[in-house]
Structure formats: structure tokens, C-alpha cells
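Just below sit the structures, each encoded as C-alpha cells.
Two complexes are shown next, each including chain A; its partner changes from chain B in the first to chain C in the second.
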Partner chain A sequence: MAIQTILVINKSGGLVYQRDFVATAPRLSSNEYLILAGTLQGIVAIASQITPKSLQIAGKGSAKGGVEPAGGAAAPLVPYVGTLGATTASGTPMGSFLGPDYFNDAFASCNGRGLKHVTTDQNSLFLYQTLTGIKFVAVSTQPTTNAMAVAVAENLLRKAYCLYADYVMKNPFYEPEMPIKCELFDQKLGVLVGQL
Partner chain B sequence: MALYSFWIFDRHCNCIFDREWTLKTNPSSGTTNSKLNEDTAKLLYGMVFSLRSISQKLGSKGSFNEIRTIATGKYRAHILCTASGLWFILLSDLGQEDLSQVLRYLYSEIYVKTVVYNWLSPVDFADSPNERRGQGFRKIRNRQFLLAVEKFLGPMVN
Partner chain C sequence: MSASMSGNTASSSSSKKSLKAFSDDIWKNKTAKINAELFTLTYGSIVSQLCTDYERDFAKVNKQLYSMGYNIGVRLIEDFLARTALPRCDSLAKTSEVISKCAFKIFLNVTPQIGNWSSNKDSFSIFLDENPLSEFVELPMDAARELWYSNILCGVLKGALEMVQMDCDVYFASDVLKGDQTTELRVKLNKILKDEIPAGED
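Here is the complex of A and B:
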């Protein structure tokens, strides 16, 4: 499984970053990518609206019994997968985060009810949503519904988010919500995906 | 294993059949062809429609790239699009990784045999052939079909 494209969508649904990693990736015009980003933004919200009734009923029951803590932290943790992209090939650490890797634990997904994963005949699309509403989207070249593959993709995108925090948000010349043109981010993201 | 609901849409964007189970423990619970599900059906149709158009663009040129599954943090939707423009959609829990065989059986063994081969069933469930807005109200009420769906999907509900 190879990562074909990575997209970053800002909190208002605009496309701020798009990069192809595979030469055979279909060429879409920038306009088509903008439409794609906006559509995904809408679908994330719609997908949570059609949560089946039996789940809604079950959720209410457990909340009454006091099982579910306040804030609805019932979302299962995403398991931590390996030391994916901890350092560059030369051994220098990739980011400013502590430890040998960016994070070492399983983490709670901020996207409990929204869209996470789509498979088609040829691709699968993974979506990682951050607490601030930025969405990281990866398109891979193989359809898979394996829980492990989804966990790996979620870890990868979370690391891409760490890179975003390090090399985009800390860049004094970057304007928030605007397209990302940071050379270091490009470079580090390339390394991260290359190690997969 | 848990199934939450089963939907069929025709090529006029109408929901022609819906079955939702509301209690995991009871396969006979829930609603069939419910008026209350109309809005949910429209949302579901819209979601699949937009993701389908995205997947067509992302696929390599000159080949079909049909959508198979959509997963959120809570449930997974399995989709089968037939050549006649019908969509069969099953909503299940996240443990079900691929229900395409189940959908294929529902289409080829149940839908085709009880609805398509049925002389009294309308060929097209829409009122006029150029209907495009999903305002149709006709549903599959064929008793054989309902029974067969219950018999096939019932054991998988809980």
C-alpha cells in the first residue's frame, strides 16, 4: 500500500495543501481538488447525522447509567503503531517533540462520529480530524478495510499533523488558513511518507 | 456482528426500500419503509452520491472506481451499485470489514427473484421516467421480498 496523495483541509473547508507522492496519481486540476476538499468537509458533518438509531439509543442508555464520562469520551483509542517516521534516514530527529518519536501512546480520536475512512475499487481514503478542525486526508493506492491499516493511516496522519505544528504553525511567514508553502514541511512530509 | 439498517435506492434517487433495526437484541424490532426515515435516506443518498463522484475522479482514467465502504467512528456503510442504477446499502458496526458478498446475494438472489421476476411489481418505482429529485413515495411492499430479507438478514442483526 502506497500513499498516493495527502491533502490538508482547513477548518472552513478550504484546501490548503495538496501533494502527490506517486507518479501514476491521476492528474486533477486545482479546481477539482478544491471541490473535493469542500465536498469532504460537508460529508464529515453529514456522516455523523446518519448514525443509526440503535446506536443513538444505546448511547443514551449508557449516558443515563453514568458509564459515559462527560464530554462523550466514549470514542475508542487509536492504537499506537510502531516508530513510523521517528527520525530521518541520517538519524536526525524529524521534529521538536520529545521522546524517540512524536508520541508513544494510543490516542483518542477527536473525530468520534464523523467520516474516517472510505474504500473504493482502487483506492482508500483516510481522514484524520484534529481538535481545531483541520483535516488531514490520505489517499492510498489499495482498497483496504483492515483495522490495522486504518490505525497505521491514522498514526501517519497524526504525525503529519505534528509536522504541521512544527514546520507550518511555527513559521512566522505563514498566514493561518492560507495555502501552505513551506519548504521544510514539504521536505519532512516527503521523508515521513517515504519511510512507510 | 451487528447490522443497523438496509436501504435500496433506485436510479431516480428515490429510496424504494428501507429497513432499520433499533434493538440489537431483537431482529424483529425496528421499522420497515418508514416515513420517519425519509430525511435520513436523503442524507445517506447525498453522502454516497458525493463520495461516488469523488472516487470517480480519483480513479485512474478509463476504468470504473465504484465506492465500496464508508466508515465513521461509529458505523460502516457497505455499498453495492448495480448496472441498472440501483444502490444497495447496508449499515453495520465497525467489525464487519466487507459485506459485499451479502449485498450481492441480496441483489441477485432476493431482489431479482422476488421483485424483478414479479409480474405485478412495477418496472420502475418512480411516477414519471424523468423524475430526478427523489420525491417518489412508492416502496417495495412485496411480501415475498420482505420475508426473504427478514429471513436472510435477521440472524445477522445482533
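Here is the complex of A and C:
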């Protein structure tokens, strides 16, 4: 499975970043990508409304099992999948992060009721949402429903978030909520996806 | 790794200790550092330059530091969340704990005390026992009354909390630089911006 496209959607549903990693990826016009971003924003909101109560209760039930983070009652943990897709050579500088990896533990997904994963016959789409409302979206070249693949994708997207924090937010000339045109971010994201 | 795992699996009784271990691990093993003196001196030169630029109108300097901090906060919160992936805090008490044990630890390597809760639990104080920003500072006579030397911290907290949908007032209540007993930062929660909480959260 390879990553075909990565999108970043700001908190108001606007597309701020889009990049294809596979030359054969079907070309969408920039307008179509904007529509896709807006649609995803809406679908996440709808999904969070229609998530069955039983699932929410089940989520809360497992929280009582003592494996959930203290703050979020029903937030499921995403396992750490190892240095997959991360800098393999520990000498490579990683911005403000110390190697060998951006993080090394399981983490909570705060998107407990929204949309996380869509599978079609051709592709899968994975979505990672941050507490500030930014959405990181990855589209894979093959459909998958494998839990491992979903975990890998979530790990990858959190790493993309780490890169975003470093190379986009810390770029003094980047204006929040605006399209991302940061060469360093492009470059680092390319390396990250390339190593997958 | 086991330490940071326990940070995420904290139950309410042991959360104090494990949140601390969790942040210690991030600070120690995951965060690049710079020389503390360079940092302190850089901040000092910014404040002193601002005092000159605003012709020693310290109210304006305070305001400018606050707004600089705000701009840092709205960006720095992403770094904090990317680094920690902590879930949303379910109470202001939890927020205060994360600010002191996690945020101050990771970015400044200090763990201030939390206290002075208001009776309705909507405001608290952060007591900075040590303040890396003012390590070598002595305020000149004319600045001692009005200037809040570390006012940038208020702005940072304000900006960061706003980005996680908490509208707060943050201000200095006292500063040892002014001859007070403690350095006290006051945080007051006005409201949680419920409409802006991203869809999908529980």
C-alpha cells in the first residue's frame, strides 16, 4: 500500500495543502479538491451525529477497563507501529524533535465519533483530526480494512502533524488558516511518505 | 517507553505521577533544546528594546509583549499537541495540571505550582517558583511599577488555550521582580467555545 495523496484541511473546512505522491494518481482539479475538503468536513460532522449510541457506550465501557487516557473517556488508543515511515538513520535532524522517532508510544485519537476511515473498491481514505480542528487526510492506492494499515496511517498522519507543527506553524511568514506554501514542509513530508 | 505509556493510561488516582513521568520523558528524550542563557538573554534584549522603542511607556510594552505571546501561543499549541497527543481535558483542574506539569515542563523545563482556586473553580493561579525568562533581571526604578517583565507568558497561554476552544483571561498578579513574595500568573476561564469544538469529539 502506498500513499497517493495527502491533504490538510483547516478548522473551517478549507483545503490548505494538497499533494500527490504517485505519478499515476488521478488528477483532480484544484476546485475538485476544495470540494472534497469541504465535503469531508461536512461528513465528519454528520458522522459524529449518527454514530450509534451503542458504539459510544462500548467505547466508554472499555475506558473503564483502565486502558484509556485519563482525559478522554471514550478516546480509543492508536498503537505505535514502530519507526515505520520515520527517519531510519538516527543522525538525521528532525527539527525540534529528537530522534529516532517523533513519538514512541500509543496515543489517543480525539476523533472518537467522527469519520476516520473510508474504503472504496479503489482506495482507502484515512483521517486524523487534531484538538485544534485541523484534519490530516491520506488517500492510499489500495483499498484496505486491515486494522494494522489503519494504525500505520494514523501514525503517519500524526507524524505529518509533527512536521506541520515544526515547518508550517514555526515558519514566521506562514499565515494561519492560509494555503501552505512551505518548501521545507514539502520536502520533509516527501521523505516521510517515501520511507513508508 | 513504559513511562510514557503510563502517562496515557493514567487513572485518576495515579494521574499526577504519571503525567509527570510522561512529560519528563517527552522533555528528555523527544525535544531538542537550546542553551538557556541564550534564550534568557534573547528575551531580555527584546524587552529592553521594546522599552526603548515605546519610550518607556510600559503599558504599551506590556501590551506588545502580550500580543507577541498570543501569536506564539496560537502556533505553539500545535507543537504541544503534536508532541503529546493528549486528549481534551475534561475539567479546568485537569487543564491546570497539564499546563504546569506538561506544557511548562516541555517548553521551559519548570513545573510551576497551581493554587489559589476561586470558589466556583473557574480561575486558578500559576506560581512560578523559578522563571527562566527573568534569571538575570533587575528592573530599573521607573519600570518596577508598571512593567510585567514576563508578560509574554500570558499571551502564550491565552493564545494556546483559545486554540483548544477555551476563552480565558490570563494576567500577572504579582512578580518577584517587583518585590512581591511570589510570581503569580492568574488564569480565568470565561467560557468554553462549544461551537468551535471540532465535530467528532466525544
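Keep in mind that, in the parts below, the second predicted complex is superposed on the first by the 168 of 196 C-alpha atoms of A that agree within 3 Å, B and C clash if a C-alpha of one lies under 4 Å from a C-alpha of the other, contacts with A are read in each partner's own complex, and residues count from 1 in each chain.
We take it that contacts are C-beta pairs under 8 Å (C-beta built on N, C-alpha and C of every residue); 3 or more make two chains touch, one makes a residue touch a chain.
Quantities reported herein were computed from a predicted structural model and do not represent experimental measurements.
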Exercise. Record, for the superposition on chain A, whether partners chain B and chain C clash or fit.
Key: fit
Exercise. Quick one: classify A:142 as touching chain B (first), chain C (second), both or neither.
Key: neither
Quiz item: Between chain B (first) and chain C (second), which does A:111 come into contact with in this model arrangement: first, second, both, or neither?
Solution: both
Quiz item: When the two structures are overlaid on chain A, which partner does A:165 contact: first (chain B), second (chain C), both, or neither?
Solution: second
Self-check item: First (chain B), second (chain C), both or neither touched by A:187
Solution: neither
Quiz prompt | Which superposed partner A:47 touches (first chain B, second chain C, both, neither) | solution = both
Practice problem: Kindly classify A:119 by the partners it touches after superposition: chain B alone (first), chain C alone (second), both, or neither? | Solution: first
Exercise. Check whether A:39 is in contact with chain B, with chain C, with both or with neither, and answer first, second, both or neither.
Key: first
Quiz item: So after the superposition, what angle do chain B and chain C open up at chain A's Cα centre, nearest 10 degrees?
Solution: 130
Exercise. Determine the nearest approach in Å between the Cα atoms of chain B and those of chain C after overlaying the two structures.
Key: 9
Quiz prompt | chain A residues contacted in one complex by chain B, in the other by chain C | solution = 47-49, 75, 111-115
Quiz item: For chain C, which residues are in contact with chain A within the complex?
Solution: 1, 4-5, 7-12, 15, 19, 29-32, 74-79, 81-83, 85-90, 94, 163-164, 196, 198-202
Self-check item: Residue ranges of chain A touching chain B (in the complex, touch as defined)
Solution: 24, 26, 28, 32, 36, 39-40, 42-43, 46-55, 57-58, 75-76, 109, 111-123, 125, 139, 143, 145-147, 150
Quiz prompt | In the complex, chain A residues that touch chain C | solution = 11, 44-45, 47-49, 56, 59, 66-75, 77, 95-98, 102-108, 110-115, 129-134, 158, 161-162, 164-166, 169-170, 176
Self-check item: Residues on chain B engaged by chain A in the complex (per definition of touch)
Solution: 2, 4-5, 20-24, 30, 40, 43-44, 46-47, 50-51, 53-55, 57-61, 63-76, 91, 94, 97-98
